[in-house]
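Please find the structures below.
Across the two complexes that follow, chain A remains constant while its partner is chain B and subsequently chain C.
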Partner chain A sequence: MLVAISVLALLVLLVTQLINNAASVTILGNKRMDADSHVRPLFERMALDFAQIVKRSDVSYYVKTAGTPMTGNDLVGFYSAAEGYYPTTPSPISIVAYRVNSNSSSSVAYNCLERMGKGLDWNGASATSIPVVFLPLTIHSTWPSVASSSAYDDTDPTKRTYEIIGPQVFRFEYYYLEKTTGSLVAYPTAWASLSTVAIKDAAAIVVAIAVIDPKSKVLLSNSQIATLVGSLPDYASGLGPGKLLAQWQSALDSITNMPRPAISGIRLYERYFYISDQ
Partner chain B sequence: MTCLSSADQASNKGVALIIVLAFVVLLSGLVIAYLIRAGTDRQLAQSSFQDTKSDLLARSALDIVVANFKQEIADGAVVTATNIQPQRWGTPLADGTPFPNLIRRSAQGDPTGHTSSLSSGPASFASPKRGEITSTRWNSHYLLPRASSSGNDSTPVSNFAAPDWVLLTPQGPNLTPVPSSVIGRYAYAVYDEGGTLDVNVAGFPYYTSSSPSPTPVPTPGLPLSDIGRKGSVAFADLRAIPTTAGSALLSAGGINAIVGWRNYATVHPYSTFPNFTFDLPTFVGGTGTRFVNYFGGNPQIGTSQDFRTVSTTVYLNRTDQAFITRTELIKLQREAGFGAGAMQYLGTFSRERNAPTWKAGTAAITQRFYIGNLNLIKPNPPTARNADIQKYFGLKWVNGTAGTVSPPTPAVPGHWQYIGASGNAMRNRIPAFTSNPEFFQLLNHAMNGTNGDDFGHILTTLSVGAALIDQYDDDTAADPLTGTTTTMIEYSDGWAVGLENMDPARASLSPSPTPSPFPPPTGMSPAPPPAIPTYAMLNRPFRNVGEFGYAFRAASGSTPTPSPNPKTLDFYTATSPDAPILDLFTYNSAPIRSGIVNLNTQDVAVITAILTGAFQTEQNIGPSPSPSPVASPAAKTAATNIVNATTTQPALSRAEITRLCGVVTNTPFTASEETKETIARALAEVTQTRTWGLLIDVITQTGRYPPGTTDLTQQFVVEGEKRYWLHIAIDRFTGEVIDQQLEAVYE
Partner chain C sequence: MNRRIHFFAGFSLVEVTLALGVAAFCLIALFGLLPLGVQTNQSSLSQTAAASVLSSVVADLRATPKTSLTSPQYDITFGTAKFLYFDGEGRVVTPTDPNATPRYRITITFPASPAGAFAPTFVSLKVTWPALVDPATTTPAGFVETFVAFDRH
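Moving on to the complex of A and B:
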């Protein structure tokens, strides 16, 4: 009887271990799949937006330049032929912007990736709706929220055109593949400021994001996530392909003051969005 | 120790079995859920992968198509009438409805040798299968003639054959690949977008009277003189554009929607999109003035606007607009509600390198001469202008000297000396050049076909130049000493003079007899040549190079006296030695510009719109000019003849516009030299032969043939699809891609 009980206990132990290990593997796999399935539509959305980016020398862009280096999470704003929200007489052009919301008082969007997809009206369609504006009017002076990580485009929440597109994305960084040199750069050499941006200088925009799945995220406080954002360094010109993510992974591995399961649940992704005309 | 009964043992076994089965079910459930999720995830990943793959395939296909054009250019290094235009293939037979814009489509047996016999079109139009491209989709850009006369249905006329597939293997295009090796396919059609009117520039606003008596008739919102003098495709009358195969034309309302939207900050329209209204054309400072100032320059001596970017004018926190994509134009057409048939004649992308294609000798001219430089040439110019005058004209101003009674010496009027672009001594020849010629070098080059030292034609060339200056300047441009308004140019062997009909320094019996010699006391030498009543004087800046045709053309000898019917520069006969002038001068100083139409376009309506409204004569301008500006029907007849002529023998340069003038035989173009040259005045500034402006429509599909397939005609399994419209401008003479714009098409 004792032997049987011992054997049974041993079996239960083994099964428990087996189930635990299986659960760990499954959970890890699920986390990865969670993150993957979270990122895939996000990147697809970005691909559509960037594929239809308006590439002209007479419109402005809110992007990273020497004059707007963007420490930590980046901001990007541009015109795109992708459809947007709430135009009255919809033209085919929208403003698209991405940012990680930094407003700690925003319980929902804080530390989440937001996308602005503001549909624009036809020029002259109404006295109040502003259509696409060309230079000298700039995108960020006309719609200041594009240059903000917390402000919205409308005081009325029902009219805002921001949506949380990446609730698990807490770090958003981008850099460029420069057309003339073929090099990866924080920004093309000629881009001294927003007024000198020539989008055709960039063959591709490389977007890197850090994603934390919901189960891991609950292990961290918002302030810890904010600390994490600062721990993942900005892209510096000269880093080769994949080096930024390697730096990020190294930074994550060296973190010791946060729960390990949470840190190990962070996934890093990178994708090239080609914006070249050919 | 208690022994279990057999019943108990059986019961325990049953419990164990249930527990094991429960575990198995649980684990199976977990595994199945995991697999389902993984499967869904895989499908999504596969979809994303195919999307990226088809995108890369589409870009590769575009590379191949563009490379074919570049190769064609390289193969035809010597440009002739047979290769100035891209080779056409896959176009309909001559007896079918023509497709003026269609240059080529991927078609079995085409010169690439890559295209299969598999049509991209559906076997059954009514029920297309997945992966088959209907002709309606192929014409979603509306560049082909439509079958329907109403609505927005883009289905083309029935003789359009859908492009055939080019099959792709990992090694590239293959005409007859093994089915299992096919990884995708593409089909394409290429259109002459450069032969359409670029709506980022073309078209002007209309004014519609609010008084309905008898019916409100839209009239141009600009002074007729600005439209009639042309010089920019902005002055093309879009009301000449048909919207159906019948006689329906583009409405003024539709044009106003385009112009009001496009030039909102410039013209300040009233009301809202798409129902804009504009000022009366006579309202000084209103819509018309602002429009002309933008497109014609302010002052109207020329412009440096390349129209590749929009105006920087801001009005009510808005700017002007540009059609960023063709899709945007199509959507605007829907919003504005004008006939979709007009879309066949409208484009959104055009580029031209503003350099001549006519060539003689060893000259290497990379930029046309800017007509606005003529504004520098005013008698007794300020010192600061001298350097530019010498650089652009090779001239130096010399003050006049008064005459004396004793000894009797005539006054020498203030005049120009021809010293060339460098040096300070008068020349006895037109100096040689290879690049950056000054005005007279270029004029001589055009008229005499030489860029070497030319002693034989200096008098003629300087005289023509002087006559051009006299046409260009007004009656206030006078020598301060003698008051003569006639331009006089001294060179080391003599004098060349221009021609002014109103010269106060000319001894004249009528209307006020003046003493002879004039001016007192002893006259002047040289003296202005006699006036000619029939000589049309512009006395204003040229608005296009065709207006050079008003200038008196000296034949030979010094200061020849013009006959009652003076010979002016000839821009209306095919063999005219003056024809190259049309290609060497420009109203626009931009090195690369938009809004210039392919002179060899096969779109009759495009040429019609440009010709409509052109002034036949200079002397009857005003609100109600007589004769009236060229009407649309007459313009259409002329345009038909021109298109037929360029289809038979494409023009190599703008110089051949004189040949095209010769094929126009309908009224009002035949009355006189001036009316004949209406064609040259209307076309010379707004057409080009240098650039291939193409829209490449490519559809690619990634996928595979099912395993075991041996027949390529069997159903291809489509896994991803991508469509692009590549707008591209290629310099026919250098092979250089001047500019391009890739438009992703989402349907």
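Moving on to the complex of A and C:
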């Protein structure tokens, strides 16, 4: 009988070890799938937004230029024909903006990617809702939250037009594929400031993001994630395809003062978004 | 006369041995299911990663300026078949690099497109794994494929 119990105990031990190992492999795989599944709809949303960007010389854009170089997480805001949330009578134009929220004090969106999809009224349809504004009025002077990583356009939380689109995305960087040279650049040469932006100078916008899955995120505090944001360098003109992500990966590999399982759970993605000539 | 009856509560050796046998049988059955579960998980992981690779390559092709034939990210030339290797993180790697672990192989081909001023450009993409298996000669463990038409005018 003792022998039988010993054999059973050995079997249980073996199965426990196997289950533990299988669980480790499965959890690792699930973390990756979780991040991949999180990113796919986000990129699809961005593709729709960028594909329908309004390309006109009489409207403004809030994008990265020599005058607005944007250190750390970037901000982007533009008019798009993508559907937005309409206050009253819908026009086909919305304001679309992306940012990573940096409000550490009160926001549940802290260190999360947010998107604004604010539908605009037809010009003259409402006395209170602001419609599309044309230059010299700019997006960021009319809706200051576009140029902010923490402010909202309404103090009422139920009326805020930013929503969390990427709760696992903590780093957001973009750069351009310049049309005339075919080179990757932090911003086209002619874009000295926001007033000189001609969106047709860019053939594509390249978005790079860093994603941390929920299981890894709980291992880090918000301040550690904020430190991580600063550790991942900005894009500098001249870096070839994939080089920014390589730099980010090197930066992550060199981090020693944070839990390794959390850092190894960070996934980096890059996607090219075509800007139509139409 | 003082008569005592002793009752020994418990199981006989046969009962215990039988119970242990049943438990062992169940454990072995469980043990047999584990590889299946892990394999299914691995397959899901591969399909998800392959779909991401496909999306990334299609986005790169779509972002290629009409004035250029070569895509900016993966250096794919329209009209020229190409295959690339990716690691588990979705990065392009070369199979000869000893530090790289290629997991997926994407084969990009350009089927004959219709002629005409506004005709689309057809592209066929197939991601297979394991990466070092040539899908032309050997059946891969898994694959994901798609077909895309681009307006290059």
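In this section, the second predicted complex is superposed on the first by the 261 of 278 C-alpha atoms of A that agree within 3 Å, B and C clash if a C-alpha of one lies under 4 Å from a C-alpha of the other, contacts with A are read in each partner's own complex, and residues count from 1 in each chain.
What we mean here is this: contacts are C-beta pairs under 8 Å (C-beta built on N, C-alpha and C of every residue); 3 or more make two chains touch, one makes a residue touch a chain.
Note that the structure is a prediction, hence the values are computed from the model and not measured.
Partners chain B and chain C, once the complexes are superposed on chain A, run into each other and clash.
By the touch criterion defined above, A:L8 lies against chain C but remains apart from chain B after alignment on the C-alpha atoms of chain A. Shared-chain residue A:T142: touches chain B; no touch with chain C. Of the two partner chains, chain C is the only one that A:Y272 touches; chain B does not reach it. Legend: residue contacts after superposition of the two complexes on their common chain; A:S37 is shown touching both chain B and chain C.
By the touch criterion defined above, A:D253 reaches neither chain B nor chain C. In the superposed model, A:G29 lies in contact with both chain B and chain C.
Using the contact criterion defined above for the overlaid structures, shared-chain residue A:D154 touches neither chain B nor chain C, since it reaches no partner.
Clashing C-alpha atoms with chain C appear in just one stretch of chain B from the list 80-88, 116-124, 152-160 or 170-178: 170-178. For the contact definition in use here, the residues of chain A common to its chain B contact set and its chain C contact set are 1, 26, 29, 33, 36-37, 40, 43, 47, 277. The touching residues of chain B, counted against chain A in their complex, run 1, 30, 34, 37-38, 41, 44-45, 48, 51, 55, 59, 62-63, 66, 260-262, 264, 269, 272-274, 276, 308-310, 312, 314, 316-322, 324-325, 327-328, 331-332, 335, 726, 740-742, 744, 746. Within the complex formed with chain C, the residues of chain A that make contact are 1, 4-5, 7-8, 11-12, 14-15, 18-19, 22, 25-26, 29-30, 32-33, 36-37, 39-40, 43, 47, 177, 179, 182, 184, 203-204, 206, 241-242, 245, 267-274, 277. Those residues of chain C whose C-beta lies close enough to touch chain A in the complex are 13, 16-17, 20, 23-24, 27-28, 30-31, 34, 37-38, 41-42, 44-45, 48-49, 51-52, 55-56, 59-60, 62-63, 65-68, 72-75, 88-92. Put simply, chain A touches chain B in their complex at residues 1, 26, 29, 33, 36-37, 40-41, 43-44, 47, 51-52, 54-58, 79, 81, 89, 91-93, 122-127, 130-137, 142, 276-278.
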